[in-house]
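Common to both upcoming complexes is chain A, partnered first by chain B, then by chain C.
Presenting the complex of A and B:
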């Protein structure tokens, strides 16, 4: 090494004293020069400052510091002061001496004893050595000194008497000592680190060298690595099994592996394998042992634990693979089984919290929600089918169907809202499932919904306030929406509505109107026009009756009888079979008067009286007690009772001839009067059923606590009959709809193949039909020459204009 | 074959003339009665009159019987149907004068032997599938009662036997089906025409039958019934 040049360099540096500073400040200087003076004051403390800096190992600073060697002598021109000074000589054995000094310090650090020299002195020594171009040698010597020490540390890990934890502790201690030492050493050798090392790309920085030495000489030793990793895994496994372990130790060692850059290959892979093994076994076992809610809770616990583990000691890069591994082993593998084993139970028992958890967990894994949604939908279908389908047509079960459906829907709505976060997929799945199962049984659900609405709208139903009723109707509309055969609903609803209107039993006009507007909204005006017509009829009738009562002839005729008439437009109302009875002459006269009055106003109309729908209030006097009562009865009951004004006893046959009421109707009527709760007639012989030879007497001793008594008609057995006829009528109406649809389509398309026509029909028709029924309608239309079959291609139809 | 009686028009079997007279169809009436074989309106009319009473405009059942006897064909013979089709007769058992004239001019026949010569030709018409279809369709209107829309099943069965008896393997099954399903009292035209299509396109083993096809319900039911029957007989034999 040529000394002379080294000398020169030393000189110039001595002169300036703080070249590093100057260069560093050059930027600020250019900004404002006035600060020149105070800055030179700062120079004094600079080395110390610098030492502190480097201890913190700020790398950025060294960048700025490095160019000091070739600092421009631009500023030096101004300061040509100290001439003629003697060149200082470096001592002959300067290098050896200095290294000895430094080596001693390094040794002391490694032994953790006090250092004989001040740190500043050591730093200076390093700086000097670097300045005299001894950096390369210095680095090598330092490296070998460190290596020697690290190698010496290896032995302690090769003994075989330690258990895992002790071993790990030892390792941790060794590592920490190593780090401490290396930091210290680097601080001393900072100048070397920042100049020589930085400029030579082929060698590692002092800190990295330390790591490298530790890695190659200690950790990469096969036994040591295996022991370390095994120890770590063992510790983690113990923690997973529920023991408390020294997390700090784990953290330190894992940090060490990360720092040594062998975390991934030495540890992570094995760790994930171990995790997978553990959870795969655990998943299998617990699926067998525990029921689903417990299992889900366990999975949740596991996931939380693993997250905590990540937080506390695992490297964050492990997060994704680890969590997905747990999810896969504990959830994804068992999705189907969990759903099959537990979902029904959870839904049945409405276990909100467990279901929420299930949704959360399932949303973590691929296809989890899809599976859950499918299972959810099939649960609804199955459960719903159980509610709806009733193979034996058991009336008891049918009675509760609608209420059960509403409850079921409420429950599911709640579950979707709370547990499934109102996920639209689930909402849709539910709708589809409802539509599916509710139409599994044709017609009956529609009928029962109509009847349910009737029961709610009928007077005497005081269980609900207006708002509650409104809410209930909304819910019913939701069910109604799922029904395919809406015409069945309409037919039954109409029948019940007619009863409510005619008997004046409707609970509230507002509720009726609101239901009507809901139906209109749902199905359009065509659907409700007849129902609206019924309401209109009722209102018009009121006006007409009012006008009639002002009418002169009525005033003349109505001494004893007060007449109210409802005029029902045919077609709006359900059809009632016409029936003839023998009315008392006063009534007949009054009917005639009304008829004249009405036809006078609306000529050309035809009035037909419907005795089945009439009802009367009779004033009765029971002589033996002198009691006066009012009896609210049907027209048929009236006819029977009026007979007893003439005579005290009649036989069945006599009553029949006198009233002209049809046989079965009369039997029921008499039953209601003589065998019901309020017995205004006596029957001999006594008995429940009315026989041909029975005699009826007026019950003079009739007693009742009320003044006005309603004598109920015996409910007709014919509900079944009525029911069938309503259903039949619906089917009949459907035929017209099919015909109309076919003609509409054919008129538009002129020529169409069979299959296309059928599929168009299915698009247009809103109720379920069998293809064979459609074919029958097509044939009928061909027969009636609305369309014809192509002569050569029997699969094609033509429209016949 | 019943014997031929009564008068024969001149030139009864003049083969070469046949072609010629066909070509000269339109002019033949104007030419009047020719000795050899040319068609003569008057001869033809008088031939028609042989089968009618004086004022009748129509050849009725009795006349028809005699007519059949004269030309040597049983009334049930399918050739009679082809002839009726040629004449475009409206009602079974009757030929009106107009129908007679129009059809006979078409056939260039004014006497029995001429017509007898044409019988083979009429028979051959039945072998042409297009003509047969048209005859088949004609048969429905021909056989049904006037003012009725449909054909009663008994007549329909007889007509089917006449038309399809020889060529449709499932014919007897179909008759049996109609016998058993008494609610089919009549067949409408669509059903009638579909039977022909069915007999032509569906294999006897029903393998190419498509229940979603456009077949009238009657035929769907027939297939269903037939399958059941076949299944039963199969069970019995096995």
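Presenting the complex of A and C:
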């Protein structure tokens, strides 16, 4: 609660010389009394006051009740309050005297000398002056005293020769002295600051006034400002160039600029300009000089340095513009060049750390990641294309394609996970890129993937444990997903699966089933139903044979031949070229007995023998050395060998006539028997190839370290013929699939426009097909009266029931 | 090309007289492909090959049960297609003879 200044002044004048305690107490009294009658207090003498004080402490109410107290009987003393006879005067030269005292103190502070008066005294002086309404004048005088001093300081900064750092130190010292002084001065003039200055909105607080003076008279001097800012920039530039500089000095001066509120206009703008110039030039230069990883490391270093600068001396408001300036000059300007110059190398060499840094840096600038992602994607496309495309159809290269693709994928997965933080954009870009390049070469990738799976599922592949195999299959499924012509995969997969099943070469039933379920999951039951059918056929065949062996006729006909049978469902299995051979009579008989048995069980069916797939075990006796062997051979080999039971020598033509085996098959069969490792036949003349005129004799002197010998059929180089036919069949089947799909859709929808039909077809078909080809199939179905065009609207079709 | 099967060591050496046969068939794995014994391999009702299940059975995943039926006229269809057909019209869709089941495949 503010004291009434007039009262208090009067009191303090009167009580001069009294002990401080009394003075204080009287002030308290007057404070209390002024509530009733502010004038009266001056009339009281000292003892009166004391009495009054004690009365007050006894009963606080009595003083309020004085008029009433008069009326009461027994009130012996009367308290009379009178006005001053004369208004108390302040000494005439009070203002000048006091100011002189204060001015002297201010001067001493500014000169950093000892002050003659106690601070309390000075404070009191200020307080008194304020109380006598001299505040305005006091403020004026203080201001001009400060101004004079500040002005006097200017000269030192205008010297002709100066060194940046020297100058800055000078400035910093001056500023700090100024602050120290102003704090001191403000403490003395605190009363002024808190009362007059606070109530007068048009003038600045003492501290602000000090700042204002410093700003106006020192810093805003053109030369000084320029020198200061240049000095600062010079110092920062030197630090950026690697020198160690006085960071404290920088910090002090920048704080000064901030306090003076000219940080932004005087310093920051120029600073950012200088930064931009520096880094723009540096970016240009280093992009030329350094390779990308080095450059990125440099950028990272620069960003860290600038952040440190912010931490140590720059104002935090500069952070955003500064960092973005560095990012822009060092990164954004060079995005394309960095990617073009360095990304391929980094990815090729799998430079995880550098790629991580690149991702980090690029994520800072606008469109950085987008560009990185695009470049990443085109890298995958280019590299992948090199793996996949093989214009000369070099079998050696194709052999490694799938393994290379898997390795490539692994590498990229790792990079995306570690370097690109599993960013979904990159994951998608990779998927798209894979899909793009893998389908640049038609069919072959699908075929090779199928063959790769075969090589892994085939018995004898002991490289991997079940778990590893399972993992590998999962990876292959990822590649498979990218393939457009999934039916090509299926065709080749099926062919190999058939071989594995029929020759009993599958490594593990579990792995087969697992692969099947993966395919099913990926492409739906329709895709795998036939493959599943193949497994089912194998099971059913086992049952049939068991049943047949119980059958009386088998016992009669078998003649100790141990028969096993595989009955395959047409359509599930690959188609094999039909072929007829001449079997020995006992085999024909056994075969017929089985056929009768089978058809008795399954009416409405017909059987077609597949001699190419049959195989046998033969007991052989070579008499010269009395050697007995068991030969594991194909049916064709069996037929040839059985002939030699009748005769010791045959010509090629004779064998051909006797067995009825097709020419090229027979040549390969005889080659395997007479030119391979285990030569049970002699050929004359000797030679690798079988000619028409060749003769074959039984090799009575056959020797082999093993008892049971497997004589492999010489594989027709699976290549062209078989391969082409598989591919051709796929394309042929596609026609049927398109037809079937069209009919299916039309049957369900009855009426459909052309466009809707086409789009539904694309949803259903699992292989790439051109719209023109679809149109042809539609035409063909219209010709065959499966559907018809609408009479009014040729773009609409109706299903014909 | 021959390849050894790592099996039993050479068996008993026998120096008997020359046997009748040098080669005897011990084991035979016979392979055959079965298909429905039909004249036309497409079902005229659903227009799907008879070796494949009809569309209804395909969608219901009952491929194994989708057998073929022959009429007296020797025309054949999916059994399930035909059984739906005869509910509307008891004639063979191909020759219009009255439909009498001759046999059902299994």
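Quick note on the criterion: the second predicted complex is superposed on the first by the 654 of 801 C-alpha atoms of A that agree within 3 Å, B and C clash if a C-alpha of one lies under 4 Å from a C-alpha of the other, contacts with A are read in each partner's own complex, and residues count from 1 in each chain.
Simple rule for what comes next: a contact is a pair of C-beta atoms (placed from the backbone, for glycine too) under 8 Å apart; a residue touches a chain by one contact, two chains touch by 3 or more.
All of these numbers come straight from a predicted model, not from anything done at the bench.
In the superposed pair of complexes, A:621 makes contact with chain C only, with no contact to chain B. Note on chain A: of its two partners chain C and chain B, the one contacting more of its residues is C. Using the contact criterion defined above for the overlaid structures, shared-chain residue A:157 touches neither chain B nor chain C, since it reaches no partner. With both structures placed on the common chain, the touch criterion links A:795 to chain B but leaves chain C unconnected.
When the two complexes are overlaid on their common chain A, residue A:782 makes contact with chain B while staying clear of chain C. Looking at the shared chain after the overlay, A:755 reaches chain B, while chain C stays out of its contact range. After overlaying the two complexes on the shared chain, residue contacts for A:123 are found with neither chain B nor chain C.
Contacts of A:492 after superposition on the shared chain: neither chain B nor chain C is touched.
In the superposed model, A:772 lies in contact with chain B only, and not with chain C. According to the touch criterion, chain A has no shared surface contacted by chain B in one complex and chain C in the other.
The touching residues of chain B, when paired with chain A in their complex, are 133, 137, 149-150, 188-191, 193-194, 197, 212-217, 220. For chain A in complex with chain B, the residues that touch the partner chain are 753-755, 758, 771-772, 775-776, 778-779, 782-783, 788-789, 791, 794-797.
Note for the complex: chain C touches chain A at residues 1-16, 18-37, 47-49, 51-52, 55, 58, 61, 63-64, 67-68, 70, 103-106. Residues of chain A touching chain C in their complex: 502, 525-526, 529, 533, 536, 560-571, 573, 576, 586-587, 590-591, 594-595, 598, 602-611, 613-623, 625-628, 630-632, 635, 638, 641-642, 644-645, 672, 676-678, 698, 704-712, 714, 740, 743-744, 747, 786.
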